[in-house]
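We just call them A, B, C, D and E in the order they show up, numbering each chain from 1.
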Amino acid sequence: MSAAIEVEGLEVSFPDGRWRVSILDGVDFRVEAGEVLALVGESGCGKSMTALGCMRLIPKPGRIDRGRVLLDGRELLELPVPAMRQVRGAEISMIFQEPMTSLSPVVTVGTQVVEAIRLHEKISVSAARKRVADLFARVGIPDPAERLDAYPHQLSGGLKQRVMIAMALCTQPRVLIADEPTTALDVTIQAQILELMRELQRETGTAILLITHDLGIVNELADRVAVMYAGRIVEEATRHELFRQPRHPYTQGLLRSMPALVAPGEPLHEIAGTVPPPSDWPAGCRFVDRCPRAFDPCAGPAPDFQMLGRGHSAACHALAAEPGE
Amino acid sequence: MSEAPLLAIEGLRTWFPIRKGLLRRVVGHVRAVDGVDLEVEAGKTTALVGESGCGKTTVGRSILRLEEPREGRILYRGRDLASLDPAELHPYRQKLQIVFQDPMASLNPRLRVRDVLAEGMHSFGIGGGGSEQTDRIAEMLRRVRLDPDSMWRYPHEFSGGQRQRIGIARALAVEPELLICDESVSALDVSIQAQILNLLGELQDEMGLAYLFITHDLSVVRYLADEVAVMYLGEIVERGPTARIFEEPRHPYTQGLLSAVPSVDPDRRHQAVRVLGDVPSPSAPPPGCRFHTRCPEFMERCRSEAPTLLPVAGGEARCFLVE
Amino acid sequence: MAPHVLSNAIVLLLLVAAGFALRFVRGNRMWRDALAQLWRRRRGSLLVIVAFLLVGLLDSVAWTGGQGQDALAAHEARTVIDRLFQGDREASYSAPLADAAFYGGDPLAAPGGHWLGTDILGRDVLHRTLKGARVALMIGGLTSLIAIPLALLFGISAGYFGRRIDDAIFFLISTLASIPSLLLLIALIMALGKGTWQVCLALGITSWVGLCRVTRGETLKLRELDYVQAARALGVSHGRILVRHILPNLMHLVIITFVLMFSQLVLSEAILAYLGIGVDGSWGEMIDQARNELSREPIIWWNIAAAGSAMFTLLLAVNYVGDSLRDILDPRTLRETP
Amino acid sequence: MLAFVVRRLLFGVAVVLGVLGILFVLFFQVASPDDIARRALGEKARPDSIEQWKANHGYDRPLWPWQDFEDNLLFHHYSTMLSFDFGASDVDGAPISQRIREGAGPSLALTVPAFAFGLGLAVLLGLFVAFFRETYIDTTGVFLCVLGMSVSILLYIIAGQYLVGKMLRWFPISGFDADPAVLLRFLALPVLISVLSGVGSDVRFYRTVFVEETGRDYVRTARSKGAGEVRVMIRHVLRNSLIPILTRVVLAIPFLFTGSLLLESFFGIPGLGSLTIDAISQNDFATLRVMVFVLSMLFIIGQIATDISYALVDPRVRLE
Amino acid sequence: MRQVWVAAALVGSLCVLAVGCNNNPYPEHDAELKVLYSAFSTPHRSLDPAEAYNVSAHRVTGLVYDTLLEYHFLKRPYTLIPGLAKQVPTAEPLEDGRVRYRFTLRPGVNFAPDPCFELGGAGRVTREATMEDVAYQLMRLADPALNVQVRDQFSNIQGFKQFHRALIERRGADPAFAALPAREQYAALGGVEGVRIEHPHALEITLHSPYPQILYWFAMEFTTPVAWEAVEYYDGEAGRERYADHPVGTGPFGIDVYDKRSRIVLDRNPHWYGLADPRAPGAHYPEEGAPGDAEAGLLDAAYVGRPLPFLDRVEFRLEKEGIPLFNKFLQGYYDSGGIIKESFDQVVQSERLSPEMAAREIRLQKAVSPGIFNLGFNMEDETLGVPAGDRGRKLRQAMSLAVDSEKWIELFLNGRGLPAQTPIPPVISGAPEGYLNPYRQVDLDRARALLVEAGYPDGIDPATGAPLKLTFDAYEVSSQSRPERQYFVDEWRKLGINVELSSTTYNEFQEKVDRGAYQIYFWGWSADYPDPENFLFLLSCAMRKSTTGGPNSANFCHPGFESLFNQMEVMEDGPERRAIIREMVAILEQERPWIEIFNGVGYSLAHGWLANVKPFGMSYPMTKYLDIDPVKRARVRLSWNEPVVWPVFAIAGMFVVGIIPGFRTFFRERQ
């Protein structure tokens, strides 16, 4: 059985002066139907770019250099433009971080969702509106029929994000990409949205690629977790395993620097230094300059993934040097 | 309490007028801060927690008189700052400083780090001039763990975390006693946030600073604060020692807030959603208890009657349930 | 003091100021980066502008003495450009690089010496065109000398202090902006009289409004920024905040507006020249003088071509640099002002 | 909404009063009635006829209220202007309001098509260039725009008349006619020149607006829904760009009435632009004064209209 | 969507093709009628015959208003012939120095039809003109309410000034009187004493002192019969035009369309007296002319003796700029035109029409015009004028010697001018013949010698040690005319005098005049009538700008010159008078208040289809003598104006070719 979506060796680069700087460097992952994969990392690590790469929406002047994106085994990167357009929104949908700006401010939200339906289905406007009203009710928008004619600015952030979710789900896509869906929201609203996503995912069985920097949200929603650092995935594991037994030094550092996991009064773990900009990424292991366990091989070629158990793998020379399990 | 707190706020109200109509008459107010009492003790950390729009930032800015409070007293070591005119206020500004959220916007891009730091020193006549000042600035930079040579560089040459350190150094350069940290770590990545939090902790130990920590991030509060005040729609709804608030929250809002925080314990997930709906507009706060529109424990009485802060163990809570 | 001494002094002053500015830019990484980026993107345009500036400066350095084309010349202060390009005066038109007069074919005093030919009075067109560069730069320079301080003063006070001051200044701006600028310009010149200073003053009065608006709006934004608030929390005085925090952060707007304004000013002057109230010796005047020459037979094209393309080249370079500056210095603020 | 409109109108009235004040200073204080009379009467006029002329035109009043509170030029200026009693031309005594009525038609006949074609072309080209952003078409387009902006309108007119009128003989070189069939021929060239000379800066402006909008999040949303590029440009980008476009367009409308000073003058179109030019060249201060006043009024009305029209296009703007 | 665009583009280009490829500025019907197309450059201020006083307005009013006397079409020097009058009157000296002239009006002189005549009786559209109408117009000239620029010239008529003053006083004193129609006011005051109507067709004009030039004024529209109905009807009220915009006269043409800012159309006057009386001197083509006219084809048997006018209609179009006007002339859309100086070379080569133009059957006409352009010195100036005494005179003489007007004429007029020697143009009878002004022949050596005598060796002012600095005020100078003034500055540079060209607005110049703060100016004067007096008065004391505001901007006031002028003014042309004029010229020669520059020579072009063109010089339109071959004109125009279409396709093609690769890369990149 093929995965709902499978990404292999995705490479994306942007021009910087005379050179092209690679900001995704061979990203691989797969999300099975009905599964939630969380892509975690700090800002600038390329997780949003990965999402856009799956949609083939890398903003210019960036471009996909290599790699494959398979949707149910179908190679999306080879599709002609009109066919890809039919895939977007119909088979893969996306929710964005900023519900405030992700909706066109001068068009009613109902019309925007109707457009999403009518781009993929031959259906009358009134029928589409009816369907949108139902969807609105399903994503927990009060007074759905009236809200159809509301403009985005008349809705709160939480409601806007619900509209975005409705828009993403209106065509019953195989894959939903949620890029920081709750980052801009207050914690009480965030809880509501997470609850909603959980529910919908259970009902529809959609595969979700969840992109976030918040390990709490990962814990709430994800089945499996992939940790990204500087354009690469460094560790992948099930949720439980990752929290309990992080193996990559970066993942370990990340978890130990969270105030929620440290007792008050005790110092937090610090990862030395800062994430370098893409133009300064080290040639081998990207974490080498900040890694407490760095040793000679780390400056050499990039480490390969080590299988560390059921669905747990990490890319670290130090792990390779340890006796295998 | 035996000793007077370093800073005590009493009945602070800061409203913003809403002008409408032909003559731009004031037809109402956004009641950003509507009767807040708060205390910060020397060398301790008080956290002010709440969701966006609850007025917590305005409290911080009102203390510094960056917004003019409408009424209330801001007692710094017993002296009411709210009643002072600008000239009288000047010496007190040295004692109260602020660190902002956005490391991009809080530093003037046209000034070198050295000038950023020298500004406050110049204003209060600290550190003299020339090489003495330079030495002092270098010392400040070392203290926030930056290379003293970086004083010759411009803010945009630094990363977000480093900029935040410069912001802290700027505040510390005038030797304040109280630092208001307005969402100072919220915009940072976890690993950077850890660095700054550690730094703040160390500075408190070294210099005996008091912090008023304004944030929405409860995990940071729990890690850092001695006292917590929870704000909702311009009012403090609960106050108390950190441990008590987190273990035994008394106000339904506090309870909802805490339960909404996603847990990082892989064995505990699926938080209960207790607080529903959206925050009402602060220009027209609901009558009665301001939280009643979203409260899971809503009683008929809450609709018309506003609860006052009632004492609970080690603090206060604004709810009829604690009566 | 003789005018040319004053002019020389101003040139010296400008050079010193430019030196300081260059030192400042070199010392300040942000401006240095901006300049470097500009250089990378618009090398050609920058070189063109520098060349015109150089010509303008060379045409402002004058001294008396030396051999001129007539008795009077020896008593006049003549600029470097005059001395280099004036050459010998011809009787009337001659074509570029010709060695005989255009009409009648009499031999020229300076055969082949007039690269761009001569005009009806036998004056060297290249010389006049180069002198026009100084006039164009004067128009831009003097006008901005009037408009920019005015706009900054009013814009910053309106934006920073707000309330009553803002109301008054906003009213003033709105009133001035309501009068169609060309008509206001004409009315002002009719009232002030003709002449370079008067035209520049009128242009200054009509063009400060736009910059004032931009400054006011930007100051309103800056006033609320964290670093200004931090300065207030540090007890920094209003004056010092204005000078250290507000003004420097407006400078890029001023530069961009100025560069974009420059081409408008030169184009406006051309229209004024058509209406007979332009500045003596400007390209606008040359174009207006030369436009009827197009129907001579054979056609006299070099006058209008020289003035037209000089103006066009400078403006193209300025517009291009202005565009790039806008992208480099400020990706947002100025976008929506045309 | 109503309060906003009323307040906006009141401010507009205040600005009108301010404009009148500036006009008064410019046209009565700085240029004195003597100047006006001398100019109107011509070189052969004697001092006594100047006095007579001033008396005939009412310019013999004292200027300021403190000189004569009952009867002074300041009050007279305000009261006549505000009651739209524009009086007669200083030069030939013709009623100015009639002149303006007569001139409006020819001006509009030139400016409205020029404006409509110009707007349509600029928006189309702007969309086109923005659609191909960051390709050589975009670069070339921007270059051509800057090129077009760097040329004086004088050169456009001269070259237009020379090339199109004289060499290619497509259209009459200049002139005007009331007969619509003939009029079309006359207007073709000035309209063409007007469109060409303005299209550069317009296209560049619209391109900037469009490119800016294409970078916004909702455009990404639209693409992620599966909308094609053309649809994105027209349905989403264009729609959201309406506000800056509208500002530019509505503010340009008053200038439709002013006509184009230079074009009308060169092409002999008897509109308000050439009326203004004539007034300038003949020092007809009365007409110039009225023209400035009328145009300022139109401009102020245009601004108010812009503010109100925001609300119609942008649901976010509530007029408060 | 795409289809709509394509359709719109197609329709658009079709429209352009349908309307566009035709540069004819006129409706297509003008082949049948004899329509003369002509142009005017600025809207006329007034066409009221009492006010209209410039060349451009006279080209219209001259057709609408006939005058009692006219100039002969062909004869030179200018000769008066009877127009509406039966004969040219002679002066009758009366006792006490007064002079009387008697005019008799031709019978059957009618106004052009106009609705205004309903005022005199329902249903009337015209009426016969009488001497009452002439007298009415003479009284209007005295009316202070009208802007009459030549009022002084009529003040020799007995009682004229008194009538003027009486009008001012009564109107000021009596509002009821002021409210009456002007005609009734005039009647209430009893009219002008020196204007008596003996009979509807006989008018007596009495002058209180001799003024032989008065007859010329009766050849101008100032003295045309004016219908009171027209003046009262066209009052500018209730949608009616003002009389200044609606001329009604007895001339051969009447106003059909008057759109003052774009188009004026005149149609034949069906009631013109000449139609009934073609033998009247002004109503048929003359039998004799000046020498050379026969050779020029102006005495063609096809025209001689035939009744006038030949044209059906005259149409004027506004043409502000010279170049479009000339180009349209070349395209055949104007029948005749002056040559703008810039196009001169295109048309005229060594004084003759260029072969290209000749091939188009264009004809060239030249005529010296009775006008003068001169530089003037302010004689009240400390440095240049009388206060500087002999130094000043020598300086003026030197400066006069330095200015080469021949070259000026060649550069700026393409030779279309004569270097002026005296203020009086040579075409005026009475001008000194064969006189060469010694100070107007360029002689730089002499000029330098004079400068030494004046105390400015090599132009150095001993007071400052620097070159003498003077200011040349050029007002209302366009960029176009600036080089024309710059030329003089450059000439004086050769002497080492530093003259600064200061261009000012008219008002600034007036202020300088008021303060007496001007030194040198440039000025022109065009004759009202062909008499030396009309030029010499410009230098009389009575016309001084500084004291009287008159046109003597040089403020020249020389006792000897003045007494000679007073003698000359009242004399008839003859050897005696010419001798006096010689003397006056000699004074000017020495005193040099002016540097005479040139008398214009008008070159005008006419297309082959336009017959009977003879330039007149003064501003009297001779349009009624012109004839047109409209069929030929229509044919020729078509052949000259074939549009060139290929650039449209070239541009469109380039655009498409430029776009295609963009489309390809664009879609490839999106893949």
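We take it that contacts are C-beta pairs under 8 Å (C-beta built on N, C-alpha and C of every residue); 3 or more make two chains touch, one makes a residue touch a chain.
Every value quoted in this text rests on a predicted model; they were computed, and no experiment measured them.
Note on connectivity: the fewest steps through touching chains from chain A to chain B is 1. Chain pairs D-E and C-E differ in how many C-beta pairs they share in contact, with the greater number at D-E. Distance from each chain's C-alpha mean to the overall C-alpha mean is smallest for D.
Chain B and chain E have Cα centroids lying 86 Å from one another.
If you average the Cα atoms of chain C and of chain E, the two centres end up 42 Å apart.
Taking the mean of the C-alpha atoms as each chain's centre, chain A and chain D sit 53 Å apart. Of all residues in chain C, those touching 2 or more other chains are 190, 274, 276, 284, 288, 291, 294, listed in ascending order.
Counting partners per residue, chain B has no residue that reaches two or more other chains.
Shown for chain E are the residues in touch with two or more other chains, namely 323, 327, 507, 669-670. By the touch rule above, chain C contacts chain E in their complex via residues 70-72, 75-76, 91-92, 103, 119-121, 190, 193-194, 273-274, 276-278, 280, 284-286, 288-289, 291-298. Interface of chain E with chain D (complex): residues 1, 16, 19-27, 42-46, 53, 144-145, 147, 149, 152, 168, 236, 242, 244-245, 259, 261-263, 317-321, 323-324, 327-328, 331, 333, 506-507, 510, 548-551, 641-645, 647, 658-659, 661-662, 665-666, 669-670.
Interface residues of chain D facing chain E in the complex, by the touch rule stated above, are 31, 35, 38-39, 41-47, 49-50, 52-53, 56, 91-95, 102-103, 106, 132, 135-137, 140, 161, 165-179, 181-182, 184-186, 188, 229-230, 265-270, 274-275, 278, 281-283. Residue ranges on chain D touching chain C, taken from their complex, read 11, 14-16, 18-19, 22-23, 26-27, 30-31, 142, 146-147, 149-155, 158, 162, 201, 205, 208-209, 212, 244, 248, 254-255, 258, 261-262, 276-277, 280-281, 283, 288, 291-292, 295-296, 299-300, 303.
Residues 51-52, 159, 161-162, 189-195, 197-198, 201, 216, 218-220, 222-224, 242, 256-257, 259-267, 269-271, 273, 275-276, 278-279, 294 of chain B are the ones touching chain A in the complex.
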